[in-house]
Structures are given as structure tokens and as C-alpha cells.
Amino acid sequence: MSPEERHFQEKVDAEVRIEPKNWMPDGYRKTLIRQISQHAHSEIVGMLPEGNWLSRAPSLKRKLQLMAKIQDEAGHGLYLYSAMETLGADRDEEIEKLHRGEVKFSSIFTYPTLTWADMGAIGWLVDGAAIVNQVPLQRCSYGPYSRAMIRVCKEESFHQRQGYEILLTMMREGTDEQKEMVQDAINRFWWPSLMMFGPSDENSPNSAQSMAWKIKRHGNDELRQRFLDQTVPQLEFLGCTAPDPDLKWNEETGHYDFGEIQWQEFFDVLKGHSPCGVERIQQRKKAIDDGQWVRDAAVAYADKQKANAA
Amino acid sequence: MSPEERHFQEKVDAEVRIEPKNWMPDGYRKTLIRQISQHAHSEIVGMLPEGNWLSRAPSLKRKLQLMAKIQDEAGHGLYLYSAMETLGADRDEEIEKLHRGEVKFSSIFTYPTLTWADMGAIGWLVDGAAIVNQVPLQRCSYGPYSRAMIRVCKEESFHQRQGYEILLTMMREGTDEQKEMVQDAINRFWWPSLMMFGPSDENSPNSAQSMAWKIKRHGNDELRQRFLDQTVPQLEFLGCTAPDPDLKWNEETGHYDFGEIQWQEFFDVLKGHSPCGVERIQQRKKAIDDGQWVRDAAVAYADKQKANAA
Amino acid sequence: MNNDQALTEYLLRLADTDMVLAQRFCEWCGNAPALEEEVAMMNVGLDLLGQARNWYDYVAELRDDGHDADFLAFRRNEREYRNLLIAEQPRGDYAVTTAKQFFFDVWHHLVLTRLTESSDERIAGIAAKGLKEATYHRRRSTEWMLRLGQGTEESHRRLTDAVQNLWRFTCELTDTDEIEDQLAEAGIGAGNVGDAWRAEVARVFAEAGLELPEPARHFYMDGKNGKHTEHLGFLLAEMQYLPRAYPDATW
Amino acid sequence: MNNDQALTEYLLRLADTDMVLAQRFCEWCGNAPALEEEVAMMNVGLDLLGQARNWYDYVAELRDDGHDADFLAFRRNEREYRNLLIAEQPRGDYAVTTAKQFFFDVWHHLVLTRLTESSDERIAGIAAKGLKEATYHRRRSTEWMLRLGQGTEESHRRLTDAVQNLWRFTCELTDTDEIEDQLAEAGIGAGNVGDAWRAEVARVFAEAGLELPEPARHFYMDGKNGKHTEHLGFLLAEMQYLPRAYPDATW
């Protein structure tokens, strides 16, 4: 270990945040760029499954909430890309990589949203899982990422409560058809939410290094269990069930046991054999391509203004 | 009058049909090309206000009927363009003139269709007026046009009955909201239908020559009155009213009297200041422009097939 | 028409226009030309939707017939909607949306400014809140008019096309009908803002290098009285689908 | 699932697929690349809509629960619809519509051919009538596959793109599930036509100069059991708007 590396690791170990101008190992930089860009991409692509119901939101209140939520997500994308750019990466280049399929976004967003209840299920389960993943990132060793996460987590908690409230309203005050919609949404989003934590730690080769660098602070299985333990009582309170016959409270461990995750689906999705990942990327790419002339005009105008001012 | 002209006029007077290979005066040819092309354009543009409700037709039966009707209209467009081509005009050129705004289509199709009841009102009133205009054209002196009209009139009568039946069903079996829709549709289409016969004969400079050539056999006012006389009893049978306080039966003349037509609206529409004439032409132009590559491919393929066969 | 009836008609025009514009912004979600515009458009859409709700709430109170704001937004048909025609025009490309918003924003800002002085305090209050938002909206769309008008050849061409296509609908921004005149007379409504609108539009057109068309004059269509272009029906079919499909549901 | 339940599910797949395809043809109205295609597409759409009605009528009789064919078409939601995923894909350009119809038509022709020999006479009768139409449809879309595949560089490129985008949905044309197998076993349904489909598609691809992709394999989506792409909801919102908005109306 070089003196720089040792010094870096000492700072990390002492919980001192690494800032953009500090020396950092190449691997640390690359790991963070990959992680933050994936995270940013996921915020942006994650707008689409919700955007799919924005024009069909069933009341003024729900439409306002959903617009605000999606706006927050676009905002999160912006902070995260900024955090990523402090590491020397370029936003446009990273977005192009996304569009060329060279980098990933969270696989959960390749699932279609088929009914309005999915807006509740995404808020509750997907944002819920995201928060469990992200809370420890508020203490991530990289300063800009850590600070972005503090802001993101606060808003996500709000979204999660709103999502849950959507489902609760439908279960408490809704018609039978609405209750069916809720259960159906849970059936479809349950397992994909559990998969959001990634494969078991023994199958996650990068975990150990990320832990040492304090980018990551908990194992995937630990976070998944934490999510599950907080979610099952909420599920019961809703009056719904999980599509998992093996789900039950384990007195001994003090945790919920659950069935085996079908990782084949997860790996299929990662390999592009996903429900509507193709459509998601096509839509994003089209937005950016169609917007080229707009961005060009803005640049040309700014240049003219500058020239006139000079 | 040249001998050819005299011979031509004698044939016309004797009710002998003029056929494509016969000699005919230039003015006769031009008048017919203008009239038939406008007629053909009107069939094609006339598909659009109905097409606007095709995807929202409220039952399987009504959807089938409307599709069949629109298909018939496309068919009418095809015969009429064929009849026009026997006069030496070119379909594509005439269509380009339409798209450039150099030739007109029936102004009735610049009105928007705002509710499903408009499908009934168009069938009953608009097709009704068209039939009154077209029945005499079955005896038009130009053979191909006359024969096309015989076929067109038969189908139009069927459409008119269907349109009336749409309204009758809504009035007899419908809810109050549906009955309002019917009256509202009649309110909007009543005057424009009466305008379909064109201004009074004294203001129609070409009428006399067209009469002599037996392209036209009745004055505009005469046809308008015929339409009105047949339509008012149907209106009463529906249980609806016309938006014309002056409409009433005149024992003396044996016809219905009616209020003054606001010709300003008609002339405005002709001058392009129309409800949605712009949209109609834009849609037609876009269809033809977007279809260029398809037609090119068909031609290229046919050429290759021919080359291979040779 | 008495003032009460005129008032609910008038408020529905404001409400429906906001609502329909907000719906068009919803269609931009995920399709904006840049992430910053994604945020900005969602923001404007949110503002307009919030204003729509405020107006609808007031109409519901005035009518007091058991129907709430959601009913007004989601259960009235295309002949009952009272929005300005320009609001319902398809979002088109970014030039169309820019021109549409600019024409509306100039009008909206003028109208809300006057409404802050309405003798109806509820209206004055809603307008005052909305005016802050509308001021930002107008600044934003004016900036984009300049950027697109003065940007590249392509952006100038697209903006010119957009203006040409939308211009005829601006007659509803400069003309008023009896209802509007009556309420202005009564010190309640904003009245005619045509002169100020034309002046501001001319100013921005000059700066953006755009040719100012002849004033648009009224034609057959009349959004304020429910005679809409064919676009509105499709917009409502999508927007109202769930409340229509599940009339007894609570969301 | 007993044979009766399986049968109504099976028939709904046929009906809904026809219905959704017909709806996509409605969207072409006024937008076709040539007048002759306007007539031809409306014709195919009419045939499919007529077949949909025949199947719906039969389902309504079998279920005998007071709901008629219109109810089945206009009052079931996106999770209840049973159409093949390929049917609901947006109409796209003419290459997309051509490829979509071709894939469907080859399947449809094979299925109807087998169904003419169904032990259920009603099915055999409907299929026999539909088969004549489907034979024409298949000939027509095959011809267009050749024209576009062999036409110009642009048409070839567009068709290749269309095939690439649509191909993954063809797994539903070549695979069968339990319901289909059960009914084939019982001599009622058409069973699996995958081999014949692949052979015919390969033949036409070769002639059209197109590259044949690897067989599509099942993924998460499952139209036959109501797990649709996001396109279907919008299609139904538009198609069902009037019956949803006026539930008590008679049209």
C-alpha cells in the first residue's frame, strides 16, 4: 500500500469524508462513478413507470402527488449526476453509455406498471427498498454522494408514505375491484422488490472492497432482511398477502423467513431479457435525440449573448 | 359554334352519354375535372371527421358500421379519381393541388366532430344533402362520372339510413345526456348542411353553362329546398328541432320556409378561415408524405420483379 | 345570465384551461429535451394543476350541488369543458409547447394581475398566490422564445411553424365575450387584456426576431363555450378513464 | 381448470386479439400511405372486428351471465384482456404494421385452419368463415413483407428495425400454455402451431432477404393471461371511453 493509499484508508476508517479534491484510489473513483451513475440513471428511468400513469391519475390530489414525486426524482437525478461529475465523469457521456446499453439501471424499472395500484406499490415497496439501501449511503465515505443521499432519503421517505397511503385508501375505502388491484400490484412487485438488494453476498464479488472503502456498509442479505422485517407488518396492516407461501415469523431468529428468490429472472433482466427495459431505454434515447435541436439552440443563443456582451 | 361543338351539344341534348374518347369542349373537360376532383377530395377528406370517432365508437355494431362506411368513402374516392383520370387529369397532381390549397373540398368537412351523435348527424344530414346533390348526377352527360354516381348514390343512401338510425336509437332508447347530444349535433350541422348546396343560383356564375352541358340539372336553391322538404319530417319524427326559428310549413307553396343563411360563414370557410380545414389538409398531406417511402418500395419491388421476369 | 352563473362559467374557464395545460405537461414526462427541462416543466404543470384545483374548489362551493373539484375535473365531457382552445392543442415539439405556453403565460399573468384586485376576495386570494407562479412561468417561456427564435436556423424555423399553427387560437386571449365583460363591469373578472397582450407579444416577437402575424380573429371554434377542436376529446378520454371506469371508487 | 372454463379463456384470447388489432387499424384511418391501402386496411380491420364479435358472442352465450359481446369488448380492463402482446403494440410506421400483421396472419391462418376441424361445431363454423378472410390477410401481408424487404434500402432498413422490435413478442405465437394444450387434447382448440409458423416465417424471410432471429423465448409479459405491455391501457382508455362514461346508454 502506497503512503497515499494508506492515508486515504486511514481517513476512511476514521469516518472522515473524502472530498473531490482529495487523492483517492483509481478503483474507488471508478466504483463510485459506476455506482452513482447507475443510481442517477435509475432515478431518471424510474420516472417512466410512474409517468405511464401520470396522465391517468384518478384524482386531483393523486395527480398532484405523482407529479411532485416525479419532479423530485428528476431532481435526484440532477444531484446525483452532479455528485458523479465531481469525480471527473461527464453526464452526457454516461447517459450515452446508458442508451447504448453499456451501463445498467435498477432492474425494478423494467417492470411495467399495469394499474393505478402500481403507483402505490412502487411508492411503498420500491421506494421502501431503495430507502433501506440508501440510508447507510448517507454515511458513505465520499462526501458529495453522502450529502446527496441525505437529501434523497428525506424525500424518498415521504414518497414511501404516500405510496402506502395510496394502497391503504384503496383497501379501506375502495371497491372490491380496487382491493383486487392492490393485491395484484403486490403480487407483481413483491419479488422484484426483494431482488433490488442484489444477489446474496457470496455472489457479489465487489462487496468486500466496497465495505472496506465504506461505500457500502451492510451486506445485501442483511439489508433485504431489514426491508422484509419492516415491510411484513405493513403488509398485514393493509390486509394483503405476499405471493410467498414460505413467508412466516421466526421466533428464534426474530426475523421473517421467506421463500427462495428466483434469481434466474433477475439475471435474465440484467442480460436485457427484461419485461420492458427495451422500451424504457428507447424512450429515454428518443427524448435526448429529439431534444438535440433544443439544446443546440440554447447553446447558440448563449454564445450570441456572450458575443454581444463582449 | 364549330361543327364539333354542335355535334357535341346535340348528343348532350339527346341524352347520349359523352365517353372519354369522344371529342369535348375544353371548358367541359376542365369543368368536369374540377368538379370530379373536388368530389373525390371531399370523399377522402370526409373520412377524417368520421375517422375521428372510429377508435371511440361505442359498440361493436357501431364500430363495424362506421368502418364499413369509411371504407366505402375511400372506395368512392377511388372511383371518382378514376373517372377524373379518363379526362386526362392525374390523380397525384390533383391531390398535390389539394394539399397546396389550390383546390377545394366540401366545406362541410372542415367542421369538427365533437360527440358520437355527430356520426349520426353526418350520416343523416350531410350524406342526405350529398345524395340530393348527387342523384341528378347519375344522369350527368359524362358517362364515367354518371356511372360512378350510380354506385356512389346506392351506398350513400344506405349510409344515410344508418346515420338516421344512430340518432333515432339515441332519441328512443337513450339517456337524457344522449338526447342532448343528438340535439346538439343537429344544432351544429343544420346550417352547414344547407350550405352544402352552395349559394343561390344568381350568385353561382357557372351554373348556366353547367346546366346546358347537363353536368348540372337543377339550381342550388331548388336542390336545397328538396333536401329541406324531405328532412324536416324526419327531424320531427326524431323529436328534435332545427336551430331556425323561421322554419315552418308553407301551405301555399307546399314547401317549408326557412330563415336566412349566414353566407359569411360559408365564404369564410372557403377562404380558409374554417373550423379545422387546416388540420384536415395537414393530416392528408402528412399521410401522403409519410407514405412516400412505402410507395417507393412498392415501385422498386415491382420494377425488380419485372426485370427478373424479363 | 346573472352574476353568479356568469361567475361559475368564468371560473371554469380558468380552471379547465389550467387543467388541460397541466395534462399536456404530464405528457412531457420522460420526454423533455433535457433533465433540467424535465424538472421545470413538471414544476409549471404542478403550479397549473394546483391553481386548477383552487378554482374548481371555489366553483364546487358556489354551486353547492354535491359535486366536488374531482367531479368537475374528471366527470365533465368535451362539450362541458370551458378551456381556451390553445390549451388543448397537442404538445407537439418543444417549439409548439414553448409558443403555446408563451401565448398563454402572457395572458395568464395579465389576467391574474387584474384578478388580485377582484372585489371577490376569494378570487383575489387565489390570483395573488397564482400570480407569483405565473410571473415565473412568463419569464421562463419568454426566455425560451428568445432562445429558440435567436438560436439556430432550425429552432427559428420550428418556432415560426409553431407560431403559424397556433396563432389563430390567440383570438380567445385578446377577445372577451359577454360573460367576461359583465364580470369585469361588476369588478369581479379581469375583463379584456387584449391590448396589453398584443403589446407584450409584439415586444418579445421583435426581440426573438419573429414576424408578428395580423391579429387573429374569431372563427367557428369557441373553447370558452365548449366548442372545442377534436383534440380535447382524446385528452379527456385518457385523463378521465379511471374515474369513468370506476365511478364508485375512492382513490 | 375444466374444459368449459378453459374454453372461454381460449376464446377470449382469440376475440381480444382480433379486437385489439382492429382497433390499431382504426388508428390508420386517414393516415395510410396510399388510398388503396386505406381501403385494404379498413377491410382487414373490418374482418377482424367481425371475427371478434363472433367469438365474443359465443363467449357470452357460454358464460350466460347477462353480459353481452359489447360488455366483453368495452367493459373489461387491461388485466382482464387476453390478447396476444403483439396485437397491442403501437401501429408505428407501415413497416411495423406490416411485420406485426405478417407474424399474426401466419399464426392466425394456421390456427383457424385447425379450428375448422374443432369438435365444437360453433368454433368450426366461425373458423371456417374467418379462414377465408385470414387467407387473404396472410397473402396480403406476405406480399408487403416482400415489397418492403426487397424494395428500397430504406424500406429494408425500416422492416428490419420493425422485426427486431417485434420479434420478442412472437414467443406467444409459437408457445402454448396449459389451457391451449388441454383444449387441443380435447379436440377443441388448435394447439401448438409453432413448427409450422417458424417454417412459414423462415420461408418468407428468406424470400424477403431478411435475417431470421433466434426463436423468441418467453419472458415476463404474458398477454394470454392478462400481463400486458403498457400500451394496452392507453388503447383501452380510448376505445372504451364512451361505454365507460355513459354506462347506462344505448347506442
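Letters A, B, C and D name the chains as they come in the text, with residue numbers starting at 1 for each one.
Rule of thumb we're sticking to: a contact is a pair of C-beta atoms (placed from the backbone, for glycine too) under 8 Å apart; a residue touches a chain by one contact, two chains touch by 3 or more.
Which chain is which protein? Per UniProt: A, B = Phenylacetate-CoA oxygenase subunit PaaA; C, D = Phenylacetic acid degradation subunit of multicomponent oxygenase.
Here the structure is a predicted model, which means the values were calculated and not measured.
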Field: More contacts between chains, A-C or A-D
entry: A-C
Query: Hey, how far is the Cα centre of chain A from the one of chain B, in Å?
result: 58
Field: Distance between the centres, which are taken as Cα means, of chain C and chain A, whole angstrom
entry: 35
- prompt: Which whole number of Å gives the spacing of the CA centres of chain C and chain D?
  reply: 41
- line: By the touch definition above, chain A meets two or more other chains at residues 56
- prompt: For chain C, what residues touch not just one other chain but two or more?
  reply: 77, 237-238, 241
Chain-level touch network, classified as line, ring, star, complete or other: other
Statement: Chain-chain contacts, ordered by label, are A-C, A-D, B-C, B-D, C-D
Statement: In the complex, chain D touches chain A at residues 77-79, 165, 168, 217, 219-221, 227-230, 233, 237
Task: In the complex, go through chain B and note every residue touching chain C.
output: 52, 56, 111-115, 181, 184, 188, 265, 268, 273-276, 278-279
Message: Per the contact definition, I'd like the list of chain C residues that touch chain A in the complex.
response: 22-23, 26-27, 29-39, 42-43, 45-46, 49-50, 52-53, 56, 69-70, 73-74, 93-94, 146-148, 150-152, 154-155, 158, 238-239, 241-243, 246, 248-251
- prompt: Can you list the residues on chain A that touch chain C in the complex?
  reply: 44, 47-48, 51, 54-64, 67-68, 70-71, 74-75, 77-78, 81, 116, 166, 169-170, 173-175, 177-178, 283-284, 286-288, 290-301, 304
- request: Report the residues of chain D in contact with chain C in the complex, numbered from low to high.
  value: 77, 234, 237-238, 240-241, 244-245, 247
